[in-house]
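Two complexes, one shared chain (subunit A), two partners (subunit B, subunit C).
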Partner chain A sequence: MSHNLPTLLQVNNLVKDFPIREGVFRRVAGSLRAVDRVTFSIDEGETLGLVGESGCGKTTVGRAILRLVEPTAGLVIFSGDDLLSLSPREMDERRTNMQVVMQDPISSLDPRMSIKDIVAEPFVAHGRLKGQALRDRVAALLEMVGMAPQHLWRYPHELSGGQRQRINIARAIALSPRFLVLDEPTSALDVSVQAQILNLLADLQRDMKLTYLFISHDLSVIKHVSHRIAIMYLGRVVEIGPVDEVYDNPAHPYTQTLLAAIPAIDLDRKRKRFLISGEMPSALTPPPGCHFHTRCPLVQETCRRVEPAKATIGKEHSASCHLLR
Partner chain B sequence: MGDLLLRVKDLYTHFYTFEGTVKALDGISLELKRAETLGLVGETGCGKSVTALSILGLIPCPPGKVEAAEIWFDGVDLLKLDKEEMRAIRGKKIAMIFQEPATALNPVFPVGEQTAEIIRIHKQVSKREGMQKAVEMFHLVGIPDPDRVSKKYPHELSGGMNQRVMIAAKLSSNPALLVADEPTTALDVTVQAQILQLMKGLVQRFRTAVIFITHDLGVVAEICDRVAVMYAGVIVESSKTRVLFENPRHPYTRSLLQAIPKLVERIDRLPVISGTVPSLINPPSGCRFHPRCSLADSPCKVEKPSPTSVEAEHWVSCFRYDQGD
Partner chain C sequence: MRLIEVLIRRRSSLNSFRDTHAHQLRELRFILHQLRRSPLSLAGIGIILTLVCLAVFAPYIAPYPGDAFYDMHPDKKLLAPQKGHWLGTDDFGRDMLSRIVFGTRLSLMIGIYVTGLAVMVGVPLGAIAGLSGGRLDEVIMRVTDIFLSFPPLVLAMAISAALGPNLINAIIAISVTWWPWYTRIVRGQTLSLREQPFIEVARALAVSKRRIVFRHLIPNSLAPVTVQASLDVGYAILWTAALSFVGLGAKPPVAEWGLMIAIGRRYLPDSWWYATSPGLAIMITVLGFNLLGDGLRDVLDPRLRR
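So, the complex of A and B:
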């Protein structure tokens, strides 16, 4: 793994509040904290998996890092630059190094643009290439993502889900970025197609020395792609660590229940049957203390009042739970 | 076999569309015993849902056309029934739950009222008794505070709660067969685990047979007694669940199982199935999987393989299933 490599992305206490508007004048009546003091770093060439159930804020983290939504507070340092202090124009320049692949492969492609125009757009937008050089580069990109040149003149609706996701990836890697946010890139795909896309992403990471933030709710996929993983619950990172260590020795009760809940194909996999009751509370009214206390089977009095601090479990492995103190 | 509940023989469902005839099902045969759970798995478009809808007589005609040697259910041939007779069976003896509980429920009535209505249709009871029974059913499916929840509208409930409501409503008539079409696909894994646990308990208690449609082999491993794997409108392999995972014989089943990222072993590249799912307007001749199959031989291209018994209750439709090791 990449322990000796320099840190590419450092995220410190990232916060994103969304205003809640009410009434005729859309007055701001309150706010919803989607991301609550999230801290992590990603080394160059590494994949950090960000896992959690729907509504836990994982997508907002990805967007806030790229400033596709403006973070409320915190620090995002990418390759030495403090991104949140940059002007929009400066940020645009940095974005050539940071790209995103979204979950839904069809709504992220303009239905009225041909594949050629879609993949060429980043070069046009940043005024990098034109003419024959541009055409050559687009054809080369298509080849890199495993598509035949005849697809150049097609439109998104003519492609299958897997092919569309390949086009999304081709567009994302067009400007040779260093960092990709992959937001559930295979969730809309069948397993056999998912396998192709995951292999493609692994090849590109190796060949282009890419760094990934891989967001997913699928714990098997996350296990397959990640070097380290961070588990989110209701806006907060509850556990972070090297992937094998977290899967073998999950420290936070939420991580334990999450892993126990995966429907297992490995029929003999040893596991604690440890089902949690209830569902994730609304982010509008998060419970006090530890966010997980309403569902935690091991809940204690302190958990209901005091937010747990981060406890170190091993090298690079930490979790936020009172029981670990 | 006195225990037999459903026998489908040579089911062909075709759709006559502008582009041509979609041969969605190409000779499906299956059997289901009382209180047995059969998993129907396969990728998007393989015909799992069409199989269920054909059995239930819910394929719109035109454009669809359902032909079969027989669809025998609990002593009657469903194909010989008229609309009225079929409607009397549907909902009462055969119930169905869908992937999106929120869209299957009526948004403008409280969930308790909707459930009570279903109960009143199938059992001649008063409005009050219906409501009482609905609340009882809600209690049974683990809805907390069923009295209060019964007065809520679907949009006020979470996906997991709505799915519990659906299960309560559908099991209220004590059907002999429950068709569940991806009932947990839209849910988070912790909630999915709860719903699977609940369904397992209820079908045992009521001795309900279940056809469980899913694309997730992990879910199959959790809940199904037997499983049938579908590819392009054909059942390619069927067996007891454990046998399928331990000793898959059809090349498609094998590749499908290999394409899933595993939690235990770690591999760098996922084995993929070359090519894409064929169009069902012009399906490949012979075995529909032959263009993507690594074992394909000349007979595979011409002749359609029929189910061959590999061992007790294990059938595979492949000429070369013993060549794979």
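So, the complex of A and C:
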């Protein structure tokens, strides 16, 4: 990736707390920190892969950037605009520039709407096109995502999983956005269909100069699509860097264990093999110090008390671990 | 030549209608197929269709159409059921059968108006409450609680009495007590729907709240509303008859079933047919809508499907 491209999205110390309510009066009894001071940036035309186990907060990051959930604190700068300071109406004006494709293709489509109405909705909602022009545009969008015009009058439940996801993508790119949050867009699909959808996304990125935040737990998919990746653990980004750097030279013990867990036919693998046991701790009671210390094979005394600072490993590559000091 | 062209054009527009609405047609056919397998709901549909025919063709079916309005025949007063007056006559010598047939018109209209008004008010309010949550939700739901905490018939009587007793006001009064049920049904539906990804995507597209409510939330919560509405048409008829019975609805000489029972009651037990025939008419009508509602519930409830 060349580095002279302008930054499209800058996320600084993003925090999202969910209140926990208890008892008859729904009193706020505490809070769950789903996203803990997450910082990253994405350049124009780039794909940032966001990886982590389920429940680590990666989906919440995507939703918070789009303000589908309101972040608790932090800064989101999109194309020069401070999104979190905008009024809902001002935010709505910018929404045409940023769209989302969600994990479950069927529940992302209104079961009572035909494919034509679903793909036309962005235009209708913004009063952009009407009548024949609208129909032509919708047909063109279907073609862009590899669907035939005869699908126009079908309903979501009549399509296959891959076709449904194509419709989701067609709707997402309808208003020619600059930025897409792809929230596990392929994890509900068969492997062969996954590849088609990934290729489609790559083609669209090239043709429409799209910028992606690609959220996934699938490391092989992430490696295939991303320019840079960020690894999340329990609400925090533990390592971020260019994809090849991170895969060849993982710095954080958690990244190392993750990469070691990729199933691969690699008989003489050179990688160090780490195995971790147990579950990710509950976000309700995150461990003090480094969040990973409860499962880290290299845990030290400081890890249990002090939160590690970010350490620079290489160009654009950094990780948060005491061992890197 | 022209005629053929017109016919061809009509045929092709029919075909394109078939294409664009293939899904709805299939759905409709499926519903009809399901209904056909349930004899009770078929009976309900049969009753309702018969009533609709009676209502539409009342002037042709009723033997003495004028008797439903201002005709009087003092010489034929309170005749027992007999040839020529199959359900007897009332205290003004009017043919009961004719008045009941014309009463069908009124009753169906009442049922549809009351249910329609209740749906039009209750459904959007429920969707708005469920979608917005927070304070607006609280306000709407507490208001519906206030309405639901009154005995509905008492409330309807009070409203009708306050507005001035006539049939239109009775319809309004009953609608006012009725909408909260729809608000609750739709709010419940909306609460589960609004967590659905397609609603979140719509928000990401900056689709207006109004459009989310009317294009996404309401169409997706209509199945239970349809069931409730088909049951309610029957109850609305029953209740309006009740209001008329206590003198807070239709006024003589309107041929309204509840009013006919109220007057006929005075001639019991000697002229038993006077109060009995409109009573049976009400019973059969309510039964018809109940059977249809039950049948629709079985068909539209996805948990019971297949």
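The rule we apply is simple: the second predicted complex is superposed on the first by the 318 of 325 C-alpha atoms of A that agree within 3 Å, B and C clash if a C-alpha of one lies under 4 Å from a C-alpha of the other, contacts with A are read in each partner's own complex, and residues count from 1 in each chain.
The rule is simple: a residue touches a chain if its C-beta (ideal position, glycine included) is under 8 Å from a C-beta of that chain, and two chains touch if they have at least 3 such contacts.
Quick caveat, the model's predicted, so the values are computed rather than measured.
May I ask you to decide whether A:Leu109 touches subunit B, subunit C, both, or neither, giving the answer as first, second, both or neither?
second
With the two complexes superposed on chain A, say which partner A:Leu68 touches: subunit B (first), subunit C (second), both, or neither.
The second partner, subunit C, only.
So, does A:His224 touch the first partner subunit B, the second partner subunit C, both, or neither?
first
Regarding the shared-chain residue A:Gln99, is it in contact with subunit B (first), subunit C (second), both, or neither?
A:Gln99 sits against subunit C, while subunit B stays out of touch.
Check the residue A:Leu84 against both partner chains and state whether it touches subunit B (first), subunit C (second), both, or neither.
neither
Mind listing the subunit C positions that touch subunit A in their complex?
19-20, 22-23, 196-198, 200-208, 211, 215-216, 219-220
What residues of subunit A sit close enough to touch subunit B in their complex?
Within the complex, subunit A contacts subunit B at residues 53-54, 160, 162, 190-192, 194-196, 198-199, 202, 217, 219-221, 223-225, 244, 247, 257-258, 260-267, 269, 275-277, 279-280.
Name, in rising order, each residue of subunit A that touches subunit C in their complex.
63, 66, 68, 92-93, 95-96, 98-100, 102-104, 107-114, 121-122, 124-126, 153-155, 158, 168, 171, 175
In the complex formed with subunit A, which residues of subunit B make contact?
43-44, 158, 160-161, 188-194, 196-197, 215-219, 221-222, 242, 245-246, 255-257, 259-264, 266, 268-273, 276
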